[in-house]
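You will see two complexes here that share chain A, one where it goes with chain B and one where it goes with chain C.
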Partner chain A sequence: MQVFGEIFQRLTRLTLFLTLVYALGGLPALALAQEPSLDDINRVAKQLSCPTCAGINVADCPTETCAQWRAKIGELLAEGKTDQEILEYFAARYGDHVLQMPPTRGVFLSIWVVPVLAILAGLGLLGYLVRRWTGASAAMVASVTSNEELQDEYLKRVEQELSMWRE
Partner chain B sequence: MTRGEPSTVPALRAHPGGRRLIWLIVVLTLLGTLIGLLALGLQPRTSRLLQGKPAPPFEITAVNGDFVGQKFSLANLRGDVVVLNIWASWCVECMREAAVLEQAWRAYRERGVWFIGVDYLDTDTAGLAYLKRFGITYPNGPDIGSRIYQDYHATGVPETFFIDREGIVQHVQIGPIGQAQLYALLDRLLTKDSP
Partner chain C sequence: MMAADLGYVALSLAFVLAISSAVAAWWGERRRAIELILSARNSVLAVAGLLTFAIALELYLLLSSDFRVMYVAQVTNRAMPAFFKLTALWGGQAGSLLFWSWLMSLFAAAAVSGSWRRAQILIPKVIVVTQLTLAFFLSLISGVWALAASPLRAIGLAESASLMAEMETLTPFYQLGFTPADGSGLNPLLRHWGMIIHPPLLYLGFVGFVIPFAFAVAALSTRQTSDVWIRVIRRWTLVAWLFLSMGLLVGMWWAYGVLGWGGYWGWDPVENAALMPWLTGTAFLHSVVIQERRGMFKVWNVVLIMITYSLVIFGTFLTRSGVVSSVHAFAQSGVGPLFLGFVAATFIASVILLFERLDSLRSEHMLDSLMSREAIFLLNNLLFLAIFFVTFWGTIFPVISELLAGQKAIVGPPFFNQVNGPLFALLVLTMGIAPLMPWRRTSLGKLGRLVLWPSVAGLITTLGLLAIPSLRQFAVLPSTQLHMVPVTIFYGLLVFVVVVIGQEFWRGIHARRRTTGETWLRALLNLIGHNRRRYGGYLVHLGVVMIALGVIGTNFFKVETQRNLSKGASFTITSPLTGSYTLTYEGLNLHATAEDVRRTAATLRIAQEGRFVGLIQPSQDFFIPQQQAITVPAMRHSLAEDLYIILAGWEDDGTTATFKVYIEPLVNWLWIGGLVLVLGTAVAVWPARLEEHRTALAARASGQPVAMESS
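Showing the complex of A and B:
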């Protein structure tokens, strides 16, 4: 019985040791798993505009500013921030103009609203003009018809009077 | 207009030429508004136009040296000469003037001159590393929301605004400043309206 007890004790110690080794060995792997990939960073960076050059997003920009911003995106992703939280951070820190997709607030709201209003106004104007044109052509047809009727009556009368003369 | 007399607009509407006139007025008004807005947008907005005008208000929270956490605004610096320098860690030209600005701050701080650094479009890490690298001790803080840059109509970095004791922008320096010019400007501002 004593032998079994000793074996059990040794097995317990071995198990504890192995668990500790596994846990310590697993830590760097865990850290590596939390490290954001280049794809993760670029996914967010593509939604931000380079602040010092025109028309380039942060992911595709070779300037030092954008390199620093990509590093910051990596830091924030590693902290567990969501894409939206990161975009909000950048907008608050550097201004709304750094967002590729303009926000739906303040002056930027007009970017969304004005085109819709312009399209609606254009459609309204088009509808009005089409109605006006079709109305005008209908009136023209009516007037042409009535002219023809008048002409018919006139010709009839001329014929009548001529026939009187012939007789 | 007397009672029973037709009002002008309905009378205009009734007349075929009048309707055209209404349309013309509407179109001209819209066109005028559009041209006005375009003209407003095309108006030159450069920092140099601030010279001789009151400096726009600003506020920064310092991140360096003895001033960490302290707020600095134009309002609480009124009565002193203020040198507002907009810079960025990625700006090579800013590096050329960094040592000159720090030297001037040390030389003039006892004479009522405040140097304020505004870090534009930088990350905290890069900004702090820059301040440490050039040993900058005057208050520096990030330009949150790029507000100061926009309010001062800055055209790039570095740009430095020299504000007198009354809060009027006396000089705008676009690009890096040399020591001789900087000291001459500060001497002029200090003698101009010494209390």
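Showing the complex of A and C:
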């Protein structure tokens, strides 16, 4: 039954589309009905992951499934769908995990949130430690007089070493 | 079947000896019995000998195509040339675990005998750690776990019992009940010199990092946390890092040249597994310098090397089993749980040890100021760990989402690029500033004077690129406005770093010339020769800048198109840098490149700016025994860019063919930068000359502060 539902839905959509095209008077139909180029298809396919093999995007994937997906993308583009609409189409049908760029919803929200929290926590810890260390050494610092000579410790060493060599 | 049986015996003996060596070293240290420790050391050497023998046997079996041995049948076939048969040693799981163990045994033997005098007090625990690690790997490939099958079955754990029984097939000497007529042969993708040297390099890096970890544990447990262990591991760490870096670079090179998708890094779990220990290892490499110079961050260094060790074990496992791609595959083999168990056990044990010894890790100095090299190194460490965490999180996310939400969610490259990209940019900034920051503290004025020229150069670069379109063309920035601002800022950063490095060299040379009147070249060579680690490090940084340039070029300015051409037809693709390429499809031909390989090659004429420059042949190889087709990309290299073409498909008679064409701006700077990085590291690890040791000794004897010890 579902199949019929889908066919029916598509037919209505097609009718609506044709009516619209007719109403608008033919000119935009040329633009919309234009065959999408391979590059257009790849542009969208790149943003989708192969559903069967780990990690590869649909544009680069050699499997039969991905070839079918690319054909489907071509169809949808020819129907005049935008890139975003096509991505939503696949995400709704197969799940959010087919999107190369994880969305900010569901389980995928955590993939964005956790690293940010971790980095903030790291920064916080670092800040705390630095405060503690520098605070404790403030007293010491006060007693240390100018340490100009420390500044270019290294160049001084070069010369020291050299003077030793010449002896 | 003599050889395979002997192999079994050698592996089992090595396993027993490794454990007994660890036990002897442990007891010898407790009882202060030097004979026991000596015996432990001899066992370490014997294990290395036994494993060398096992490797020789395995190579013999591979060469003689003894297909009764399961591993030989899995990774070779009769048609393969002898050279590939030898390299098939690391072409499969069992063989690579054997190879790993062999390297581990050699490193352990070298570390123990090499540091015998210098760090005698640490040796027993180094033996314990290295031999236990080795024993774990040997337990996997010597079939020891199969012994656990019947006790497990006796207590009613039938499932675990059968998993353990299967472990027997993981030994590289496992014999089938029959002799197959031919083997299945090595995966065609691996028949490339990049894939031949990539695993050994990676494993050398992995195994190398076990040694610093062993010394760290030894130092902690004996409370010898002063700088002895830091000095001993210095070269080990650098060597491990060198091999790991080379392994990563060669892996990228192979992916770019063989996999045929126009990229070199896909953030897949196996790549990440090798990158993660590199990130924490690089952080360790930097922060350990602070402990050497200022006696600070001792706890932090121990934590870093512990994480690196765990990641090395985890990485070895991941590169060989691909657990992340499926939790189910993980549960279906006995190796996964054993590996994770080992990683968890060693990590927990070392954390406990760390907490027990916290009192001996007091910092000798405080952080004097935020305007110091110590502080900037802290920032560098934070960034490395942040990148590590993002990578780790993205890598294990599929497992987490499958466990929590029942949906296996693999994370694609856009996530990693989006989050890690800016972090890497910040890292480049710290890389630029760090050499200008003196130890302890500096004043704004001092820093300002040093930063002045690099900043001016960087700013001019960024502003110039933003303002003048013709400059952009020169710097491979195409007309697209999309990433203009971040990318020009990054270009500015790169120029900043290069000028900082140049300025450091200039200051050193200038100082030498002022005191000695040496020629420029002489001064430069002496400068590097006497401070290998410092100036080798600068060379490495220069390499990193070049690599960054390649990464920017390929990430932001890649041009690609896919075309279906009929014979004689042509199309034009425009490069952001060198104008336009016109490609004309000339035809298709089929020929044999090897006994079992048929190649379909398309010929294209290339015209650059309308002028004929050459022919190019993207092709596809079909491997008959495996029934597997592999695309062979064709490339036209230049310093500015690569023209990279893949034959994606064709009509049988060759009347039409489909091509994917990429223009990869600046990609070759990635490989050149890699070479510079390797060269710089080699300069840093090269042994110091004897006379320098004498100078240092003389300085120490005369009560002067010890001059910077090179390497």
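One rule holds for everything that comes next: the second predicted complex is superposed on the first by the 105 of 167 C-alpha atoms of A that agree within 3 Å, B and C clash if a C-alpha of one lies under 4 Å from a C-alpha of the other, contacts with A are read in each partner's own complex, and residues count from 1 in each chain.
Going forward, contacts are C-beta pairs under 8 Å (C-beta built on N, C-alpha and C of every residue); 3 or more make two chains touch, one makes a residue touch a chain.
This structure is a prediction, so every number in the text was calculated from the model and none was measured.
In the superposed pair of complexes, A:82 makes contact with neither chain B nor chain C. In the superposed model, A:106 makes contact with chain C only, not with chain B. In the superposition on chain A, A:57 makes contact with chain C only, not with chain B.
Using the contact criterion defined above for the overlaid structures, shared-chain residue A:114 touches chain C, although it does not reach chain B. Within the superposed three-chain arrangement, the count of touched residues of chain A is higher for C, of the candidates chain B and chain C.
Touch criterion met: A:95 reaches chain B and chain C at once. Applying the stated contact rule after C-alpha superposition, one finds that A:68 touches chain B and leaves chain C untouched.
According to the touch criterion, the shared surface of chain A, contacted by chain B in one complex and chain C in the other, consists of residues 95, 97. Residues 51-52, 63-65, 68-69, 71-72, 92-95, 97 of chain A are the ones that touch chain B when the two sit in their complex. For chain B in complex with chain A, the residues that touch the partner chain are 88-90, 121-123, 125-126, 142, 144-147, 150. Across the interface of their complex, chain A is touched by residues 261, 266-269, 322, 324-325, 363, 365-370, 375, 378-379, 382, 385-386, 389-390, 393-394, 397, 401, 404-405, 407-415, 418-419, 438-442, 446, 507-508, 511-512, 515-516, 527, 530, 534, 560-564, 658, 695, 698-699, 704, 707-708 of chain C.
Contacts from chain A toward chain C in the complex involve residues 38-39, 42, 47, 49, 54-57, 60, 95-97, 99-102, 106-108, 111, 114-115, 118-119, 122-123, 126, 130, 133-134, 136-137, 140-141, 147, 150-155, 157-166.
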